[in-house]
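Next up: the structures, one after another.
Two complexes, one shared chain (subunit A), two partners (subunit B, subunit C).
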Partner chain A sequence: MSVLAYLLLAFLTIVNIFLFLSRRGRRRDSNQDGDGTGLGMSIPFGWDPLDSELSARIFDPEDADFVANETSRPNARQFRQERTVLALDWLRAIRYHVNQLIRAHLRAARGNAGLKPADEIRLGFEFLLFQLTSGILYLVIWACGPPRAAKLVGYSLELAGQLRKVTEDVLPAGRQVAVELMNNKQEPRG
Partner chain B sequence: MLSSLFWVTGLVLESVLLVRALLGNLLKYYSLFYLYLISVLLRSASLFAIYHLWPNFYSPAYWFTQFLNVLLGCALVWEVYKVALARYLGAARMARNVLAFLFILAITRIFVKAWNSPNWIPGRTTLETERDLRIVQLALLIGLVSLFASYAIPLGRNLKGIIYGYGLFIATSVAHLTLRDYLGDSFQRAWQYIQPICYLVVLVMWCATLWSYAPIPQPTNEPRLEADYESLLATTKSKVQSARSYLLRAMRP
Partner chain C sequence: MQGELKHEDVEAARRDLADRTLAKIRGDFARLIYLASMRDYNTGEYHHEGLALRFTESVAGRAISSCHRDMFRRLVLCPVKELVKQLELYADSNCSTSSELVRVWEKLQLYRVAVPLECSPLAARLFASNIRAALAILQSRQLRAHREALSALPAP
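What follows is the complex of A and B.
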C-alpha cells in the first residue's frame, strides 16, 4: 500500500513539473520583444499630468460623497465597487509598465560587459520595494476602497514626514555630542 | 525482472542518444554533457555485469563510481553556464558572482556540518555525502536557471532539454536521498521503481530535445549593446523611483 502511495506521489510530482514547464514556456514565448527594439521605449514613462489628474480623481472622495448624497444606498455601493475596480486597474497598469521597464533594462544589460552585479542587486531591491508598495496598496484599495485607501496613504505619509523631521532634529544634536566627546578625548589630562 | 527491464531500457536510450550525437555532430557543442553521458553508460553497463556476475562487489562499485558521476554532473552545470551565456557578457558576470556566492554558501554548510560531526567525512553514510553534493548542484542549477529567466536568455531546444532533464534528475535524487533517510526501508522498496522510471523519463526527454542540433536562437535586435551601463542603470533606477512616488502622490488626498 505504501509503495503504491509513493508511486502516486512521484507520478503527481512529475506531472506537476511538466505542467509548470509547459506553462512557463508558453508565457516566455508570449513575452518576446513586443516592439522589436527590446527596450520597450514605447512605454509612456513621462507621467502625463492629465493622467495624474485622472488618477487623483479616482481616489478623491468628492464623487463618492456626491453619489452617496444624491442617490440611493445600493447605487452608492455600486459606485464604490466600480471605483474600486477602476483603481485596481489603474494600479495594475502602473505595475505592468514598471515590469516592462525592468524587463527592458535586463535585456539591455545582459550583453553589456560593464554590468556591475552590486548595482544590479540594488536595482533589484528598488524594484522589490516598488512591488511591495504597490502590493500593499492593492490590498488596501481592495479592502477599503479608493477614498479610504487614499486617506490611509495620506496619514501614513504624514506620519513618515513627522518621523523624518524628528530624526533630523535629533541627528545634529547627536553629531554635536559626538564632536564634544571626541574633543574631550583629545584634551590633555591634567 | 522489472528492474532489469528498466536497466536495459536505460542502456538502450543512452546508446541511442550517443549515436544521435555522433550522427548530428552534437559532441562538438555539448562535449561535457556527452562525457557525462558516456560515463553513465559505461557505469550502467559495468554495474549490470557486476550485479549479475559478482554481486558482492556491487555495493562498493556502485558508490565509488557514483561520486565520479556527481563530479561530472558539476562539469555539466559548468557547461550550461558557458554555452548559454557565451554571448551575454553582462549576464555572465552576474552569474559568476551569484554562483560563487551560492557555491561558498553550500560548501560552508557542508564544512560546518562536518565540523560539528567528526564522523561525517567520508560520511556517516555515503548516502548523506552524496545528498549534500547533489544539493550543491541543485542550488547552482536553480541559481543559473533563475538568472536565465530574469535576463530572458534564449536557450534553444538542446540546452533547455539538458537543463530540464538534469534538473529533474537531481531534484528526484535529492528527494530520494532525503526521504530515504527519514522513511527507511518502506520508502526504498517503492523507490526501486520510482527512480528508474524518473531516469527513463529524463532519458526520453533528452532523446526528444537532443535528437538533432538546434542552435541557440539569437535575439533579432540586440538592444543598445554599446550603451553606457551607468546611464542605463541611472535611467531605470530613476524611473522605478518616480513610479513609486507617482503612486503615492496620485493617491494623496
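What follows is the complex of A and C.
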C-alpha cells in the first residue's frame, strides 16, 4: 500500500512539473507573439530550427571539459552557467517552433473536411510525447547541465522532426500555413 | 532568370573575394573581423571598392554579407579549443601580444561587432560566451607562463 502511495505521489509530482513547464513555455510563446518581432526565439539565420549542429555545439561536453581544465574555477563555473542558459533557451526555441507547427496545423485542419481521425490521433500522441520529452530534457539541463542532457537532445530533435513530417503528411495545407506563419514572423527582422 | 543571373554574380563575387582577399588573411577569426569591418555601422551595408568595381555595389554587398554569415557560422560551430588557437593566430598576425588582445577585448568586447546583422540572439550569445571563455583561457595561460618564468629565475 505504501509503495503504491509513493508511486502515486511520484507520478503526481512528475505531472505537476510537466504541467508547470508546459504552462511556462506557453506563456513565453504568447509573450513572443505579442512582441511581434520574432527576435526573442528566433533561430540562427539559414539554420533549420531542427538542425542538430547548433545544439551539438551547445550540448558538447568537450567545451566544458576544456574550459574547466584550462582556466580558473570561477571562469569554468560561469561558462557552465552560460551554457545552461543557452541550452534552456535553445529548448524553448524548439518548443516554440513545434507549438507554431501544431497551431498552424490546427488552423489548416479546421476547414478541412477530409481529415483522418487516426492520423490526427497519431499527431496528438507525437505532440504529447514531444512535450513530455522536452519537459524532462528541461529538467535534466536545469539540474545536471547541458553535457549530461546531450543524449536526450537527439531524441527530442528526432521527435520534433517526426512531428513536422507528420503535420506535412497528414495535411499538406498545414505546411503552407506554417511556412506563411514563419515568414510573417520573420518579416519584421528585415 | 534575372534572379538566377544575380545569384551567379553574387557567387562569382564571393569566389573573387575568397580568392583575392580572404585567402591572404591568416585564420578564420581574422577573416571574420575583416569582413565585419567592411560593414557600415549605421546602415548595416557592406562596402568594398574593388569588388564593387569588378561587379556592382549591390552584388559586392551581398557577397560580403554572405561570406560574413558563413565565416560567423563556422566560428560559432567550432569548439572553444579551436577558438583559442584562432585568437592566438589573430594576435600574432596583428603584431600584438595575446595579453594585449585579452586586455583590450575584455574591456571593449569588440567581438560583439563581428556578429552579422541577421544573426539570432541565441547564436550571438553562444559566440560571445565562447569568445569570453577563450579569452579567459588565454589569460590563464599567460599567468601560468609568467609564474613559471618567475620561478625559473635564480633566487637572489
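Throughout what follows, the second predicted complex is superposed on the first by the 98 of 190 C-alpha atoms of A that agree within 3 Å, B and C clash if a C-alpha of one lies under 4 Å from a C-alpha of the other, contacts with A are read in each partner's own complex, and residues count from 1 in each chain.
As a convention for this text, a residue touches a chain if its C-beta (ideal position, glycine included) is under 8 Å from a C-beta of that chain, and two chains touch if they have at least 3 such contacts.
As the structure is a prediction and not an experimental result, all values here were calculated from the model.
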Subunit B versus subunit C as contact partner of A:68, first or second or both or neither: neither
Touched partner set for A:60, first subunit B, second subunit C, both or neither: both
If touched residues of subunit A are counted for subunit B and for subunit C, the larger one: B
Subunit B versus subunit C as contact partner of A:144, first or second or both or neither: neither
Partner chain in contact with A:88 - subunit B first, subunit C second, else both or neither: neither
Contacts of A:79 with subunit B and subunit C, given as first, second, both or neither: second
Subunit B/subunit C common contact set on subunit A: 39, 45, 47, 60
Subunit A residues within the subunit B interface of the complex: 2-7, 10, 13-14, 17, 21, 28, 31, 33, 36-39, 45, 47, 52, 55-56, 59-61, 91, 94, 97-98, 101-117, 119-120, 122-123, 126-127, 129-130, 133-134, 137, 146-147, 149-151, 153-154, 157
Residue ranges of subunit C in contact with subunit A within the complex: 69, 73, 76-77, 79-81, 84, 116, 118-123, 125-126, 129-130, 132-133, 136-137, 139-141
Subunit A contact footprint on subunit B (complex, rising order): 87-91, 93-94, 97-98, 149-153, 164, 168, 171-172, 175, 186-187, 189-191, 193-194, 197-198, 201, 219-225, 227-230, 232-233, 236-237, 239-244, 246-253
Contact set on subunit A toward subunit C in their complex: 39-40, 42-47, 53-54, 57-58, 60, 62-63, 66-67, 70-72, 75, 79, 82-83, 86, 89-90, 93, 189
